[in-house]
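As written, the chain order gives the labels A, B and C, with residue 1 at the start of each chain.
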Amino acid sequence: MRPAPFWGSLIAALVAGVVLTETVANEYTYNALYVVLQAMLMAIAWNILGGFTGYVNFGSAGFFAVGAYTTVALHKGFGLPLPLMILAAAVVCGLIGLGLGYLTLRLKGVYFAIATLAMAIVIETLVNNWSYVGGAKGYYVLTPEQHLWFDSYIQMLFMVMLLLTLAAVAVSRALSSSRLGRGLAAIRDDEVAAECAGVPTLRLKLVSTTVMGAMMGVAGAPFPYFVTFVDPLSAFNLFIAVNAIAMPMIGGTAHWLGPVVGAVLVGSVQEVVKVNVSSELNVLLVGIMLVAFITLAPQGIVGLARGYLRRRAP
Amino acid sequence: MSGELLRVSGLTKRFGGFVALDRVSLAVRSGERLGLIGPNGSGKTTLINCISGALYNDEGTVEFEGRDVTRLPPFERARAGIARSFQIPKPFRSMTVLDNLRVPLEYAAWERTEHGGTAGEAMRVLELIGLAARAHEDSAKLTQVDMRKLELARALAAKPRLLISDEAMAGLSSTEVDEVLGILRRLNETGITIIMIEHIMHAVMRFSERVVCLDAGQVICEGAPRAIVNDPGVQRAYLGA
Amino acid sequence: MLSADLLANAVVAGILLGGFYAAVAIGLAIVFGQLDIVNIAHPAFIIVGAYVAYILNSLFGFDPVLTGLAAAPAFFLCGALVYRIYFLAFERTGQESLSGLAFFFGVMFIIEVSLILVYGVDYRLVQAGYIGQTWTIGFVDLPLRMLVPCAISVALTLGVYLYMSRTFMGRAIQAVAQDRLALQLMGADPVRIKQWAFGLGIATAAIAGSLLIVIGPVEPSVGRLYIGRAFAIVVLGGMGSIPGMFVAALLLGVIESIVATFFGPSWAPAVSFGVLGLTLALRPAGLFGRS
C-alpha cells in the first residue's frame, strides 16, 4: 500500500474512533471493540515472529498475561498511571522475548515452538504461586474514577487500545518493507541461504522475538482495568493464544494486512456467535476455522486476494 | 600484487565415525580460477561448507585474506567476502528475483554498497547474469536454469572477493553450460577469485588455471588441468582400480 | 524434615508414575522421535482415550484397561486418517514447519473444546476393583491404581519396542526415518508406512488414556500438562530411541514426584518443561540419541 492511502486510513480510523465515543454511549459496543482490537494487536505481534520470520509461538498467552500482571504488580505497589504501566509491560515482556529467543532460537523451529509453550506454562505456574499478585485466587482492580474527557472509563480504554493497535499496524508495515523485514523474510524462506547471504540470523530473530514480546505485553497491560478481576485462568487463557495464531493464519501471514483482516473477520464472527449462540461454541469455532484455513488456504485471505488480483492483471 | 586469498590448513571434518575431510590443505591465490573435482562423496561440498561456515570443522584452520575465520559464523564470512552458490538452488521463495538479490546486497555487501541504492544495483547484477527480464517474477516459479543463474546472481550480489560455485552446471545443456562459463569468466576478469566445483570435465578444464582433486576426503592431486587429467591417481578415483 | 520414609515413597511413586509416563510418550517417540512429525495433539488424543474408558465404564462397567486395548484399533484408524490429512495438506507441499505445527495445535484445541462442550469441565473418574487397594512392602506403599498402569505401560513399551525392531513394518518405519529414498527404491511406499506409524502412535494413546483415568480423575484441559511431559521425555531420551525414552520417563517421574512431595504439587507442571528446556539447552541429542 502506498504511504498516503495508508496513513490516511490510519487517521481515518482514529477519527472514526473519536466520533464513535462522541455519539455512542452503549458500553457493550466499546467492550466488543476493545476485545477485537486487543485480539488484533496480539495477532499483529504474533505475525512478526510467525509470519515474517517463520517461527511459531504457542505461548502468546504467557506474554499477554505477564503484561497484565505487570500492571497488577505496579498497581498494587505504586499506583502508576496507565501509560507508564503500558511502557513497563513493553519492557518486561520485551526482555522475556529476548531471553526466550536467546535460549531457544539456536534450535530448530519445532523446538522453539515447544519452548514457547513451556515458557507460558512455567510462567503461569510461577504466577499461580505468587501471592503478591493474588496467586490462583486472583486480584481485584477497581475501575479508576478519572477517564479524561470521555463519558466512561470503557470509552477511554477503547481509545487507548485503538491507538496502540494502530501504532502496531504502522510498526508492522514499516518492518515488512524495510531492510530488516527483508532479512526476516529471508530467514523465513531459507535460513541457511540467508546466513550465507550475510544475514545475522540469530540477531534478527532476537529482534523479532523482542518486538513480538513487547507488543503482546502492551496488549495485556490494560487488561486488568478492562476485566477488573484478574486471575491466572483468565490471563493465561488458551483462547487468547489460539486467536493470536488463528487470526494471522486465516488473514494471511506473509503480509502486514493479514492479521488485521483476520482479526476483523474472526473477531466479528466470534462476537456474533458469542451473543447469539454460546461462548463455548465460539471457542470451538476458532479451532475449526484455523484448521480449515491452514489445510485449504494456507496463504490466508490476503494471500488468496493477491493471487486473484495477480491473475486478473495483464 | 596477487597474494594469497584463502588458505585452508589441515582441515578435518567428521560426521560421527565417518571422516568426510582428512587433513585437507589448500591455498588459493587472489584472482585465481580454481577447479575442485572428485567423485561423489569425496568431500567437495563438505569442504565448501567448512569454508563458507555452514559447517564448523573439527580440526584445522581456514584463513581468508590473512585472517583466521575458522570460528566465524557464516554471515560474518559472507560479509568478509566469501560467497557461495548452492548445489540445489535455495531461492527465497516468497520474494521476487530482484528482492532475492537485495538481501545479500543489504547484508553481506552492506559496507560496500550505497545504502538506498540496492534496487538499482540488484538490477545491474541481474543484467550481468542475464536475468534482468525476470526481475519482478516470483523466484519460486523459475526454470531450473534460471534458478541456477539466480544462485550465482545472489552470490555475486554479496560483492565477494571469493565466489564458490557448487555444481552450478549440473544438468544443463551445452549452450547453457557455455553461458554460465562465460558469466564466471567475466566475473573473474573483474577480480573475483573463483572456486568451481563441477563434474562436467570439459567445463572445469576450460575454465580453471589450476585443479585440485579430492577423493575420500583427501587431496590426491593438484596442478594444471592437463596434468590432472593424466594423473593415474585421479583416473583411479573416477574409474576405479 | 527429610525423612527416609517420605523420600523412599516419593521415589517409588515416581518410578510408578514414570513407568506410566512411558505409555504417554511412546506414541510420540514414534511419530516425533522417529518421523519428526510434531504432533502436539497427541496428549489430546490420550484424553479422548480416557473419556472413552470413562464412558464405557460408567455405562457398562467395563474395565478401563481392557477398554483401552479394545479401543486401540479404532484409534489406529483415526490416526491414519489424521495423518492422511496432514500429508495431503502439508508434507506433500513442503510446508511442514509453520503450518503443520499450527494444524496440530488446532486439532488439539478442537478436541479439548469439544470435550468441554459435551462433558463440561468436571472431573471424571472410573470405578474398578483394584483402584482403591494398596500393597505395602516394608514402609513403601504401592497403590494399585498406580501399579497396574505402570505394569501395563511397561508391557506396552516392550511390545512396541519389539515391534519396531523385529517386524518388517517396524523396521520399515525406522527405515523411513533414516533414508526415505532408499526405502522408495526398495519398493515400499513411505507415505503408507508413515501413515501406519502415525496410526500406531494414536493407538497407543487409547491405551495411555485408559491408564490415565485409572490413576486419577480427568478433565479436558489435563491434556495440556502432558504436552510438556511427553516432549520432554522423547527429547531427553534421545529422538528415536525407545529404551532412552523409557529411562527418561522414569527419570521425569521420579523428579516430579520428589518436587511434588517436598515443594507441593502446584510446581509439578513446571518440572517437565524445565527438564525439556535444560535438555534442549545443554544436550539436545538427549541421553541416548542419534545426533
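As a working rule, a contact is a pair of C-beta atoms (placed from the backbone, for glycine too) under 8 Å apart; a residue touches a chain by one contact, two chains touch by 3 or more.
Quick caveat: nothing in here was measured; it's all calculated off a predicted structure.
Geometrically, the chain at the heart of the complex, using CA-atom means, is A.
When chain centres are set by their Cα atoms, the one at the greatest distance from subunit A is B. One simple way to say how far apart two chains are is to compare their mean CA positions; for subunit B and subunit C this gives 47 Å. Subunit A and subunit B have CA centres that are 43 Å apart. Subunit A and subunit C have centres, each the mean of its CA atoms, that are 32 Å apart.
Only residues 36, 38, 40, 85, 88-90, 95, 97-99, 101-103, 105-107, 109-110, 112-114, 116-117, 221, 224-225, 227-228, 231, 235, 266-267, 269-270, 273-274, 276-277, 280-281, 284 of subunit C touch subunit A when the two sit together in their complex. The touching residues of subunit B, when paired with subunit A in their complex, are 52-54, 73-75, 78-79, 83-84, 86, 90-95, 99, 102-104, 106-110, 154, 157-158.
Residues 50, 54, 56, 58, 103-104, 107, 109-111, 113-115, 117-119, 121-122, 124-126, 128-129, 136, 238, 242, 245-246, 249, 253, 280-281, 283-284, 286-288, 290-291, 294-296, 298 of subunit A are the ones touching subunit C in the complex. Put simply, subunit A touches subunit B in their complex at residues 179, 182-183, 185-186, 188-190, 192-201, 254.
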